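Common to both upcoming complexes is chain A, partnered first by chain B, then by chain C.
Take a look at the complex of A and B:
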């Protein structure tokens, strides 16, 4: 049977087809749908862990028990999970362990553009890289075979284009595997103290040599000899970009990007006249080919940054870059992403932005508050960083920073990596204020459950941690709860907590407007009474999508009798207004009223 | 048959991804190879959304290069201008007349261009202008804008109507089907 699947759906399907029944992960674009799709298959166990390191450790434990396990995360998630991964490369895994890393060239929704192929080399873990959905489904299966055969964790690397493109996939019947789980102790292999780890270190190198030999005859490392003038070594989506533009060139299409098939590459190089290494981001293949003493062109002509497309490949190789028919260049107004109408983050950040404080930000929907007109977030490095950074900044500023440093963090992000830095704040006498933006879900990546939502990935009811109690247990004495739809109260509480010495936490709680389970419709759509609107523009400071500015026409305004000086009025698009009422609270002339 | 390309573009929330899914299923039902690509994530929060669909005997890249797209389906009037460079000189454009103001226009810091359809017409031979929202309302569901535009698209493609109808029937829940079939027909008649 044929079906149209995204790369992510195909990875989940492939894992299911080859008998994988255990997966753990933490959401992150572009990887999230892998876990979501896998979790729906019959007879599987799939969990969201609070962060990638935990997911990895859950996976390692299950693999040591003999299970075949898939662990899924976005590229930066591997940074979080790197500590256990580096060492499980030494121990090996007993069952089977495949780590899916979804990279994001072009930073479509990420804080950086790191190339996780480097981890494969650094960690001495083999890595496969599919180029479309059919391959995604096949390669995850092969990854599990390699994992079992060589007693090693295996990486499957995807990129946004592979994960989020859809193509035709042939489905197969799922295999059921015999249950091979059992308690087996082998301290020498799994207790990584120096005397054991030194021995395992040698095994790692032996394994790498075996994998190098395997790579030479691996059928998915494929040589296509056509026109001998030009040869391209490539992998992943770049292969399709190149084939699209240059179907007649010769190719080495690598299914495995670490370790490389050195013999195959040498042979290919000897059979073509001009050799290119075509790869997004780092010159990972190029440098290794050059180290073999083979002349190769790569980053000299292909960009280091951003994902490729067929046009970039064509332009770099034959310099063809004309737009045949278009309008003269003109500046179109941009469409940046924005907080939704009724987003609970808006009220909180509107207030925060006016407190003249440094706002140490974190990652989530609320990061969008850095933009105008809210202008209310001043740093964002990685998940969980806001709290440690706020503390560090407050310590460095000393008296100057008193009441002036706020860290903000989402509920999912707090549970991901905010607890230890908060404990540190209590421990080291911090003076900063932390605000947990609790919208009861992981909104940025599409409403995933987390340990405070009361549900698991597979929809089972479970405990939901009480954030206020948790924060108190971490040693924070001053903990307050606010509703960010109430601007006045929010401002008062934030000011009080900023004024207090010592660390405080404010939990700003309101469900995400897109969150179906909470079924919260904040209110009825509002409208502007044009008679009362004075054109002060205060409401526009919310940056709320339905609120627009309409210029008054005519010297005294044709639409209504207004003072000569008034330039325009605010209008609200009733089709998208959520009725949250923030603008109404701001309006000094009571011009914002309910629809008649 | 060479690989052909369709680019569907608009604003997050307009049903672009569903439209391109339907289009792909139609291509599959017509025994063609097909790939599509779009970017999720940040773009959904009111930002631009594009979906490339490429089909033929054997498709490599899911995204097109410049001057390579046969049909541009623009769900938002102004956003048509962002993607003209993708079109072949002899390409077809389908424009929805809906105007969705970006924040800068809302705040009065930028103006929404007025001469869009005229200037596009000067460049490209086939431009179909569709009041998709109006037709969706007439069909009984304001959210069926995407189905209206698929209807118009279908009139530019040499594929049997039955394939489209079968795919639509397999896509929509019974309670939404009637309005969507109507929307499709209204769009196709433009």
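Take a look at the complex of A and C:
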């Protein structure tokens, strides 16, 4: 049977087909749908862990028990999981362990563009890289075979383009594997104290030599000899880009990007006249090929940054793309992303932005508050950083920073990596204020469960941690709750907590407006009474999508005559207004009213 | 199903709009219809943070012979389906060429710069002229208004797919749409989708 699947759906399907019944992960674009798709298959166990390190350790434990385990995360998640990963490379895994790393060239939805192929080399873990959905399904199976055969964790690297693109995949019947789980102790192999780890370190190098030999004859490292004039060594999506524009050139298409098949590459280089290494991000293949003493062109012509496309490849190799376009440059209004109509973050950040404080931000939808007109977030580094950074800044500023430093963090992000820095704030007498933007879900990646939602990934009811109690348990004495739809109250509470000495936490609680389980209907859509609107523009400061500015000076002279000072009026698009009422609270002339 | 001829191979379709308009749904429905016709189809799209109310774009590449990469090279779109008018111009500037056919929903969604009064949104006439100048043929409709009459602005995307069917550039029709939609959707929503599709067909006729 053939089906149109995304790369992510294909990875989940492949894991299921080859008998994997255990997976753990933390949501993050572009990886999220892998776990979501896997969780729907019959007879599987799949969980969202609070963060990638926990997911990794859950996976290692299950693999040590003998299970075949998939652990899934986005590229920066591997940073969080890196600590256990470096060392599980030494111990090996007993069952099977495949780590899916979904990288994000072009930073479509990430804070950096790191190339996780470097981790494969750094951690001495083999890595496969599919280039479309069919390969994604096949490669995850091969990854499990390699993991079992070589007693090693294996990386499967995807990129946003592979994960989110859809192409036709042939489905096969799922295999059921015999249960090989059991308690088996082997302290020498799994207790990584120096005396044991030194021995395992040697095993790692032996394994790498075996994998190097394996790579030479691995059928997915494929040589395609066509026109011997030009040869391209490539992997992943770049292969398709190149084939689109240069179908007649010769290729080495690498299914395994670490370790590289050195013999195959040498042979290929000897059979083509001009050799290119085509790869997004780092010159990972290029540098290794050059280290073999082979002349190769790579980053001298291909960009370091951003994902490629067929045009970029064509341009780089032949100096121009084939179609010459003479389209005029046009002045169009830019369309950056924005918080949704009715988003609970809007009220909170509208208030915060007017408090003249430094706002140490974190990863989530609310990060968008850095933009105008909210202009209410001043740093964003990684998950959980808001709290540690707010504390550090507050300490460094001393008296100057009193009541002036706020850290903001979402509920899911707080549970991911906000608890330890908050404990640190209590421990080290911090003076900063932390606001937990609790929208009752992991909103940015599309409403995933977390330990405070009361449900598991597979929809089972479970405990939901009480954030206020948790925060108190971490040593924070002053904990307040606000509804960010109430601007006045939110402002009052934030000001009071900023004025207090010592660390405080304000939980700003209101469900994400897109969260279907909460069945929200904030209110009826509102409209602007043009008779009453004075054109003061206060409501525009919310940057709310339905509210627009309509200039009164137009070609149609039949508009209502206003005083000379008034340049225009606000209008609300009733089709997208959620009726949250923030603009109504701001309007000084009662011009915002319910639809008739 | 039998493989019908494409006007060009690969035939490159861009569906564009604003995050939340149902771009992904539209591309999935159109692509599934083409897969049913026996074509090899690749869809390229991105979603995540940059798409929260931002510009979105799906690429659909259709071929009877090969699997193509999910990104259409610049300047090589054959059909543009725009759920939002300014996005039509934005995409045409990058992917347009003298033989592209454009289908544009004329209902604007204002970007934040326009909301705050810092940027101007082009007048409808300016948009029509720009799209027409960048396309071989251009067809404009107010799919959002039709969808609101039907009961929900979200159906604008299906109205646009109905319009695509009537353009006659792809081997898709109402029967095929009905088959696809019945499979992928709860029965309660099938009727409204079929009506939306019919409205789109009528809008081009």
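As a working rule, the second predicted complex is superposed on the first by the 582 of 596 C-alpha atoms of A that agree within 3 Å, B and C clash if a C-alpha of one lies under 4 Å from a C-alpha of the other, contacts with A are read in each partner's own complex, and residues count from 1 in each chain.
The criterion applied here is as follows: a residue touches a chain if its C-beta (ideal position, glycine included) is under 8 Å from a C-beta of that chain, and two chains touch if they have at least 3 such contacts.
Computed from a predicted structure; not experimentally measured.
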*asked:* Please determine, from the superposition on chain A, whether chain B and chain C clash or fit.
replied: clash
*Have a look at where A:549 lands relative to chain B and chain C in the superposition and call it first, second, both or neither.*
both
*First, second, both or neither for A:472, with chain B first and chain C second*: neither
*Please work out whether A:584 is in contact with chain B alone, chain C alone, both, or neither, and reply first, second, both or neither.*
neither
*First (chain B), second (chain C), both or neither: which does A:395 touch?*
neither
*Examine A:337 and indicate which partner it touches, taking first as chain B and second as chain C; both and neither are also allowed.*
both
*Where on chain A do the contacts from chain B and from chain C line up?*
2, 4, 29-30, 108-109, 132, 160-161, 164-168, 237, 240-241, 243-245, 309-311, 314, 321, 323, 325, 327, 330, 332-340, 365, 368, 373, 445, 540, 543, 545, 547-549, 551, 568
*Would you tell me which residues of chain A are touching chain B in their complex?*
2, 4, 29-30, 108-109, 132, 160-161, 164-168, 237, 239-241, 243-245, 247, 309-311, 314, 321-327, 330, 332-340, 365, 368, 373, 445, 540, 543, 545, 547-549, 551, 568
*asked:* Help me check something: in the complex, which residues belonging to chain B touch chain A?
replied: 3, 11-12, 21, 24-25, 28, 33-48, 59-68, 78-79, 81-82, 84-85, 87-89, 101-108, 110, 112-113, 119-120, 123-124
*Sort out for me which residues of chain A touch chain C in the complex.*
2, 4, 29-30, 108-109, 132, 160-161, 164-168, 237, 240-241, 243-245, 309-311, 314, 321, 323, 325, 327-330, 332-340, 365, 367-368, 371-373, 444-445, 537, 540-541, 543-545, 547-549, 551, 568, 575-576
_Per the contact definition, I'd like the list of chain C residues that touch chain A in the complex._
18-20, 28, 31-32, 35, 40-55, 67-71, 73-76, 86-87, 89-90, 92-93, 96-97, 109-122, 130, 134, 144, 148, 153
